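The structures considered in this document are given below.
In the two assemblies presented below, chain A is common to both, partnered first by chain B and then by chain C.
And now, the complex of A and B:
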């Protein structure tokens, strides 16, 4: 009687290989949904921004390019995180693909992590492509701006060579810098948290639209609740309202503004590696907690 | 004795209806056993709880009460799924994948890799007659083609139990015949099959055991042979019997003391599964009507009580 249990091949409790299969298939799915067409739009935008010749100083010209690029990357990533994640699981359910996947030896945790991983992979790849694109444009822009500025300053003949060097270094500070990568990482981290949040909502939501709306609202609340909480605490002190409503909200929803590293980078303020490390830790914590709650809701779900 | 492939014990599944505090009993105290190596056919009218039972067996739903086991492992344990291949009703798959990619995807989920997987996928595509459409995306597949790829997907890891929810729905007569032959082949290979279907003729052909359910309850269960035999009649099968011999037998029956035995006809004293099915459905409907009427009467009685106060 008991032999069959032992002779069955064991399913490892947790298999990174299976998660990868699910994540890469999700990646393929998203790519074949033609999401990467956005990259073409992005390329046009960056090209336009880098050829914008308004009455700016050379440093400002570079800055505008960075601003536009990071802005577009950020919007793409969180919009994509919400829209793609909200669509994926309900679609599997509607198509009954979920039945066939879960009737294979796939633990539900792995299914969730696979989907989330696939969305993050897609966002990551898209962000890297965008970063490479815009760094390229920035580099050429920097070279041409520097050349014309040097020519201009030298033709004026009022500055010493050392002074000109100082001026050019100021422009270089707005050019291609390692710090740009920090901005990229921060945008990715923020999108990952948003994706995990959306997945959590989609495990109990009744429709895709509901998921998108709730996630977007939470995302927006995450941009001002720290400010609002400070105000309320000052106004009402430790009232029941702050205790029961404000404090839990501040706890559950991350302060999304901390991920706006791009602003500092564009502004030329140096961002330390320690800050990046703690941001990564924070994002990982939120992704882990959201995934755990999502699993809790998903594990006994019936289809 | 070997462990049964599927063991359903006193399964009840209740769905809460979101409106008011009403419940829908989809499956009620249902027990069945699919022995290893056997083909079991579950038949019943629409909405009788066939798919629900299968989903509980597969761990897609939890039983309200009762238990289900696959090769001795509780359905809620992921390991029970190692040995199962499942074809859901009206299956759809990732539309963006081709047939080939689909099979590879499911194979990888079962831990298959490399050449083993490729060989198996190729073999299955040939088996379900989809080699010509191998590199076409499933978004362009017809219903019957999806059903075929679904069947192939179910078999990818050489499971010991195959659960088929209406395998022939939407498949043309030739395909339906092929699926029947495939089930015979699975049986020859010692694979257990648990299927439900509305094609009673096919069920009659391929199944060893049949369960007939209606309104979530098992009404009749047993080997096909016993189910459709008519119990108070006996069949004599003779080969090359001469008319004289038959006359002698007739005479013998008539001369029997007491004379209560009577020759009705010679031939096949069998009903068809279809007749049996229709009889049981009628029986279950009548039982349900009776229940409903009792319920209604109880409600009326309740209503009248407070008003009489």
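And now, the complex of A and C:
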């Protein structure tokens, strides 16, 4: 008896390999749900925005293309993070895949991290594809806008070559820039926090709909609760209501506005690597704590 | 028993989240402050958009969709412009520039709609008496001026906005002294137009009491090989030579450009 126990292979307590297998299968599962069809809509939107030829200045034409594209990326990422994460555990239950996985030596932590990793991988891949598509359109638009603007300014004969160059540089500042990748990272970080939050909700939720509604509400409230709290603190001071309701809400709900840097980075504001590092650290902290709490609620959950 | 366990777990989870919230708050608040200082997230004052947009739009603005709301409002303003709904255009541009206060082009376009398009529309509105038309037109020009001044407050280094304000004072309000002041400020801002100095000089030439200063500047421009010796430069110098009684020996030899224009286009109207 003891001999047969000794011959069993030892299973590591924590295995990144197993998490990767779960994450990649989740990715495949999500791809099979035709998630990437959204890219067709995105391509149409970017093409439409790049051909929007109202009475805009050349720089405005590029800015509108960037705003529309990053707006679409942002909506896709948080909407997908909520919807995809909310359906994953219930679907595994429905397909009985969950029983197969958990009956094997797979710790529940790895299961949760694998699922979350799969959602983040899907969002990451989708964002990269969208960024490539968008950069192509923006580059093409920048080249055509610069050429026509140069031709126009030269034909007017009023500006010196140096002055024309300044005008063209101002337009170029709204074109393809490395800084735009920071905006992409910020969108991804925000989506990751939303996904981790949704996973936490789904570990105690009674239905997919409940998970989606609660996560969406927390996501929305997370954008203005600090603003509202400021008003309430002014109105109610240090009352019992403030202490028991307002302050805990402000503490528990994440401040999603800090991840909105993409808006202004797209507008041309410079962002330092230190700030991006701080944002990444904050997002990682949220994901880690939400995953830990999710595990605490999920670890002895009976199915 | 099971219910007790669930409640206990839920309370523990809440306590963990609360402790985490307490621990991360100073870092998160500090980061938020840093981002606002670096102009990476916009502080939106609760009353800043009050009355201008609905609640759902306000939520969208806070939810990271500020540029999308900006685009939608720009398209809405364009639509309103085509139907000459000037109040809507004014309100839309107030929203756009509240959402995107650093967007110089939006400040410029909004002011252009008010000070030129809306003003012209009122001035040529034959359904009202000429006196009323004139007053209404001027009211829109003043709105354009006030709007640009707000834009300059937000973007004090913008040469473009100062130049636009100078243009409105020169072309629409015929206030050469104020026009000169803003052209001068545009020369000191970021990315000034190369012709800003000439425009400053033209306005200065029409500003009572500053003719000598204008003459000296125009002569510098006239002799500067880097500057264009435009017909307007010559015309203003000729005018100032008369006004300042410049001795014949010091006068420029160029003929009056207006005579040349009239020779080519006999029906041309000259100012």
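Worth pointing out:
Here, the second predicted complex is superposed on the first by the 296 of 303 C-alpha atoms of A that agree within 3 Å, B and C clash if a C-alpha of one lies under 4 Å from a C-alpha of the other, contacts with A are read in each partner's own complex, and residues count from 1 in each chain.
Rule of thumb we're sticking to: contacts are C-beta pairs under 8 Å (C-beta built on N, C-alpha and C of every residue); 3 or more make two chains touch, one makes a residue touch a chain.
Since the model is a prediction, treat every value here as computed from it, not as a measurement.
Once chain A of one complex is fitted onto chain A of the other, the partner contacts of A:303 are limited to chain B, with no touch recorded for chain C. Within the superposed three-chain model, A:57 lies in touch with chain C and out of touch with chain B [touch as defined at top]. Shared-chain residue A:100: touches chain B; no touch with chain C.
By the touch criterion defined above, A:204 lies against chain C but remains apart from chain B after alignment on the C-alpha atoms of chain A.
Between chain B and chain C, C contacts the larger number of chain A residues. Of the two partner chains placed by superposition, A:125 touches none, neither chain B nor chain C. When the shared chain is aligned, chain B comes close enough to touch A:21, but chain C does not. In the overlay built on the shared chain, the residue A:29 is in contact with chain B alone; chain C does not reach it.
Listed in rising order, the residues of chain B touching chain A in the complex are 1-3, 55, 58-62, 71-73, 78-79, 81-84, 86, 88, 90-97, 105-106, 108-111, 150, 153-154, 157, 163.
Contact residues of chain A toward chain C in the complex are 49, 54-57, 59-60, 63-64, 66-68, 70-71, 74-75, 158-160, 162-163, 166, 170, 190, 204, 219-220, 223-224, 226-227, 230-231, 248, 250-252, 254-272, 275, 278-279, 282, 285, 289, 292-293, 296-297. Chain A makes touch with chain B in their complex at residues 1-2, 4-5, 8-11, 15, 17-18, 21-22, 25, 28-29, 32-33, 95-97, 99-107, 300, 302-303.
If you check the complex, the residues on chain C that touch chain A are 9-10, 12-14, 16-18, 20-22, 24-25, 27-28, 31-32, 34-35, 38-42, 44, 46, 59, 62-68, 70-71, 74-75, 78, 100, 102-103, 105-106, 108-109, 191, 193-195, 226, 228.
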